[in-house]
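This is the structure I want to talk about, given as structure tokens.
As written, the chain order gives the labels A, B, C and D, with residue 1 at the start of each chain.
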Amino acid sequence: MDLTKEQLLVTYRKMRMIRSFEEKLSELVTAGKLGGFLHLYAGQEAVAAGVCGRLDERDYVSTTHRGHGHCIAKGVRAKGMMAELFGRSTGVCKGKGGSMHIADLEAGMLGANGIVGAGIPLATGAALTCKVKNTGGVAVAFFGDGASNQGQFHEALNMAANWKLPAVYVVENNGWGEFTPTEFVVPVKDIAVRADSYAMRSDIADGNDFFDVYEKAGLAVEAARAGEGPTLLECKTYRYYGHYVGDPLAYRSKAEAEKWKTERDPLDAFESRVVGDAMLEAEELRRIDGEVTAELDAAVEAAENDPLPDPASLYEDVYAQE
Amino acid sequence: MDLTKEQLLVTYRKMRMIRSFEEKLSELVTAGKLGGFLHLYAGQEAVAAGVCGRLDERDYVSTTHRGHGHCIAKGVRAKGMMAELFGRSTGVCKGKGGSMHIADLEAGMLGANGIVGAGIPLATGAALTCKVKNTGGVAVAFFGDGASNQGQFHEALNMAANWKLPAVYVVENNGWGEFTPTEFVVPVKDIAVRADSYAMRSDIADGNDFFDVYEKAGLAVEAARAGEGPTLLECKTYRYYGHYVGDPLAYRSKAEAEKWKTERDPLDAFESRVVGDAMLEAEELRRIDGEVTAELDAAVEAAENDPLPDPASLYEDVYAQE
Amino acid sequence: MAREITVAAAINEALRIALEMDPDVVLMGEDVAGGGTREAEGTDEAGGIMGTTRGLVTQFGNERVLDTPISEMGMLGTAVGAALTGLRPIVELMFIDFLGVCLDPLLNQASKLRYMFGGKARVPLTVRTVTGAGMQSAAQHSQSLYWITAGIPGLKTVIPSNAYDAKGLLLASIRSDDPVVFCEPKGVLFDSCDVPEGDYIVPLGKAAVSREGSDITLVGMGATVKMALAAAEALAADGTSAEVIDLRSLAPLDEQTVLTSLEKTGRLVVVDEATPRCGIASDIARLCVTKGFDFLDAPVGCVTAPHTPVPFSAILEQAYMPSPDKIVAAVRELS
Amino acid sequence: MAREITVAAAINEALRIALEMDPDVVLMGEDVAGGGTREAEGTDEAGGIMGTTRGLVTQFGNERVLDTPISEMGMLGTAVGAALTGLRPIVELMFIDFLGVCLDPLLNQASKLRYMFGGKARVPLTVRTVTGAGMQSAAQHSQSLYWITAGIPGLKTVIPSNAYDAKGLLLASIRSDDPVVFCEPKGVLFDSCDVPEGDYIVPLGKAAVSREGSDITLVGMGATVKMALAAAEALAADGTSAEVIDLRSLAPLDEQTVLTSLEKTGRLVVVDEATPRCGIASDIARLCVTKGFDFLDAPVGCVTAPHTPVPFSAILEQAYMPSPDKIVAAVRELS
């Protein structure tokens, strides 16, 4: 594994930040302090961290309604994100986007997206930019198993394959699309096989194992940068919370979720590997846990006290030129 | 081959009717006698005839902008079609549809369609009707290689596979989508492989060989009727005319077309097989040729003299109930 | 027997009645069953994101209550094909914002097949869809895009403002031989009123006079009807008598009811949750200035959303939406 | 130097200039190259179904002039992503009727990203698309659906009536940092007028007074401008002096130019190829009855297509479309 200690620490911090960020949101909503329509990424941390671990400033990612994790992994700051979710003018989108549209172009983050599948062509376009401008960059689309049934998936992957774009399509198969089990709506076992429709490279990773994702994402990103075209990378994983915060989760068994949480948790797996292999020490991780908690508490406190947007700003930012 | 002499004669008549119908239209447009946007099916006759040879009154077909052949093969009468193309009130759609929307629900023909890919879900829906009402019917969608790049293709095939609908998806790969060669926009050699994305049956037929199409369509229709779900059947073929009548055909080589016409003509192939194997005699075919010519001449003459629609009919047929 | 039930419950009841009475009726959509027939522990059906389809798969089975993939275009196109061949499908499009991924089956198929086929087809399709803002769902889950479907010849579009109309309009939509888009406005989905238990319809194409008045006509639809009624209340305190019209059908539009009221009052304000351009408000304004010109004593007032996407922040979303105060202010401006 | 060229040629010229002057400009669409760079005999490029892109792939290569699959949603979404990250894409949507299969990238992405991202994005995307009836292309290839794009906040929509404006508006659209839908009306595509050779723009958002007059204002756009001019000619013979306004931009709308004319004439007829509901004609009527009420001496006249799909038969299609005669009749009705 080609990871330095520093990289491992950064990775753990990201995963922990994602987990704690989502847990904090769940608390805040339950306490009636936060509104909106929130889809939490907890349980899938290894995918965002593993793929984004292969990216740099030249690169782009697009995501879905369930996008906080990808933002954090791509380097968007928790403070601006939290302010956004609180609808403050200091939010990363000035309070206009919220959870489903959280974005930070400076960090190469092309936005969460409320339309299932819509992020896939956006990343494809970013890959076209990288190719035409010859920047060496790669664009990654993160999306769910459900999104692989959208026409946009098919159309964009076909175009990317035709044009050999530097793109990576990461499908996070978490077994559910809202309340519907994936096997009801996807008749193939592995979504990765859909790459064959475009003569595209494909791979399957254990989405709860950071190291597996990191390795396979590495191959995909390398191929993209080398001009060998796109890859469809399926990561098998699971979401811990309901589809959205407030979902009573009546449709899935507690036992199913418990099993994933206790036996397959991505943070636990990471920790036992790095500590077991003596790459990091448990105390280092606990220190990070503390720092993350402190950072998040500070972010919430700041967000709660930040100014609300001026109502007049409602009319701004529609057009670049009037 | 399980075809009676009668069936072979019917088949030949259909293929000849399609060929002559299209040649007649080309003439009429060139002579300035006919307007509109016409896409001719000549060269692909064996596909429509081979597949529709397996269908009966319970069954449905949907088609594309290039739909005359499927109409004829599914039993729509040339007279009503010709009147339609002449925009007459006696047309099968009372002059309101024209070539791109020619339809005859009584014959189970769900319409040509001006939107590439849109016929695919229509047939899927007809298959759902057959299943829910348990009619024993099958629905067939005919579409082009180009249409297999539309999101509707992906979405509809996935649904049909999930629900094991009695449907057959016939992709007529004629090497071109308008002026663009298929290999520019479809990165796989065989479109049939796209079935694997849906764990769907697939097959490939020589679209210029009636017997091959008939055989493979038979298997697909049989599977559909037996409740085994849909099939994607790719038929490799070629269109003789330009994309539309008036297309200068600058983009493809004369030699390419000549080769198909002289070496691979579906009517020639049919004739040499049935005459060679002494299933039919050449004179029988010549008699049909003559009958078809006479029928078409009569259809044109009738259409030219039929009444134009009453301008007031412009406002009719928008709603079933006002 | 009538009881107070919510719009969401009224919709559920209408669906059940339609499925019971006609074997050709099928219901499809994402999570309308919600894995409800899965043979595993803990898989109670969800009944859709708003719970409007709860209990239906249990009663009617998953040949008639179908969970679809997240494939709106395929699902709607399939429903059109089914409608064309003898079923009477009801499709749930979770939010009207998703029209973006499935317009073609409505724009170029459902609405046009009958015409293109010379009257020899019918497309008895109902598309149910949630509309409107107010839940901080931001720009892609809060639109009031019914102006797009209302603008397409061959489609009908209806929007109830209360549970009674919701049930009756939905039953009328399902039984219509034409394709109907049935809007379920967020702003009223959980409002209750008296609703009879049995089968009844509210006819398509007929507006209602929700409150009589003589000084000004307020025209609303869906969630703006209650805003208009609240505004009328406030205006009454001032001595202004407002008549409130609930359009109910956006297409076809009941021009006569609007014109009759305008003739009486001479002044009109239209209130629409949608953005201002090319909307129902413009159509009502056009109706006034073409067929109602002689009745008009003042400019027509339009209270709509601004020409912007829907913002996330609650404070901005409130500023975005019409309100009784804005209606009162618009009325005062005409005086 | 100006020469007479067609609208189609003017578009081709604008594209060439834009591609020459800015390396970030790319052009994509079905057959825009048309297999033009295929290494085989007889593969002259087609340059699109209307020939508007002819010669461009030869000059700029197929990294900048890209043939796409028949995947409008993917193509437009890809273009939005490219625009967001530094390219300036021009997309050809062969006919505006195909909005049905690709609305989302316009409705929920291009138009909203800047707003949703708090102003921190720009989407310099131009979508070129053919609009209108008149070629017997029937219900799915003849619509004038620009009311849909004009109604969406965050998009701009323009429609030229002549070759000069076509070139200048297209160059302005491509250089705009906002997404613009550029309509190419069939009815004028092969009409010619004097067009300068070099680079120039016609600003977005500004209408033109195509003919001055004092008795009535005729408002047209795209192909209806020449109908309005012909009607004005006929009316002049009668002693009625008609002013003709060419909207050019449908969004944003140049309200001031319309109101100024209405103030002068007191009467107005709007002429639109599109269907009547929720269209530009309604918006113009609303403008008159809100901001122009005091100027109005008569009802507003609307000459539009009927509320039906476009029929195939030539005789019906003629009856469907606006015409100088229908405009004259509408004017007479107001007198």
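By our rule, contacts are C-beta pairs under 8 Å (C-beta built on N, C-alpha and C of every residue); 3 or more make two chains touch, one makes a residue touch a chain.
Everything numeric here is computed off the predicted structure, so don't read it as measured data.
Centroid distances from subunit C, each centroid being the mean of CA atoms, peak for B.
Averaged C-alpha coordinates give centres for subunit A and subunit B that are 45 Å from one another.
Centres computed as Cα averages put subunit A at a distance of 35 Å from subunit C. If each chain is reduced to the centroid of its CA atoms, subunit B and subunit C end up 39 Å from each other. Residue numbers of subunit D whose C-beta contacts span two or more other chains: 68-69, 71, 73-74, 97, 100-101, 104-105, 108, 112, 115-116, 138-140, 153-154, 306-309, 311-312. Counting partner chains per residue, subunit A has residues 91, 93, 95-97, 101, 113-115, 118, 149-152, 154-155, 158, 162, 184-186, 318 touching two or more of them.
Contacts between chains leave no pair untouched here, as each chain touches all the others.
Listing the residues of subunit C that touch subunit D in their complex gives 73, 97, 99-101, 103-108, 111-112, 115-116, 138-140, 145, 147-148, 150-154, 251, 253, 275, 277-283, 285-286, 288-291, 293, 296, 298-302, 306-309, 311-312.
Listed in rising order, the residues of subunit A touching subunit B in the complex are 149-155, 158, 161-162, 184-188, 193-194, 196-200. Subunit A makes touch with subunit D in their complex at residues 60, 62, 91-97, 101, 103-106, 110-111, 113-115, 118, 120-133, 139, 151-152, 154-156, 158-159, 162-163, 316-322.
Taken together, the subunit A residues at the contact with subunit C in this complex read 35-37, 84, 87-88, 91, 93, 95-101, 113-118, 146-147, 149-152, 177-181, 184-186, 250-256, 308-309, 311, 313-315, 318. Across the interface of their complex, subunit B is touched by residues 24, 26, 63-64, 66, 68-69, 71, 73-87, 89, 104-105, 108-109, 112-122, 153-154, 156, 176-178, 205, 252 of subunit C.
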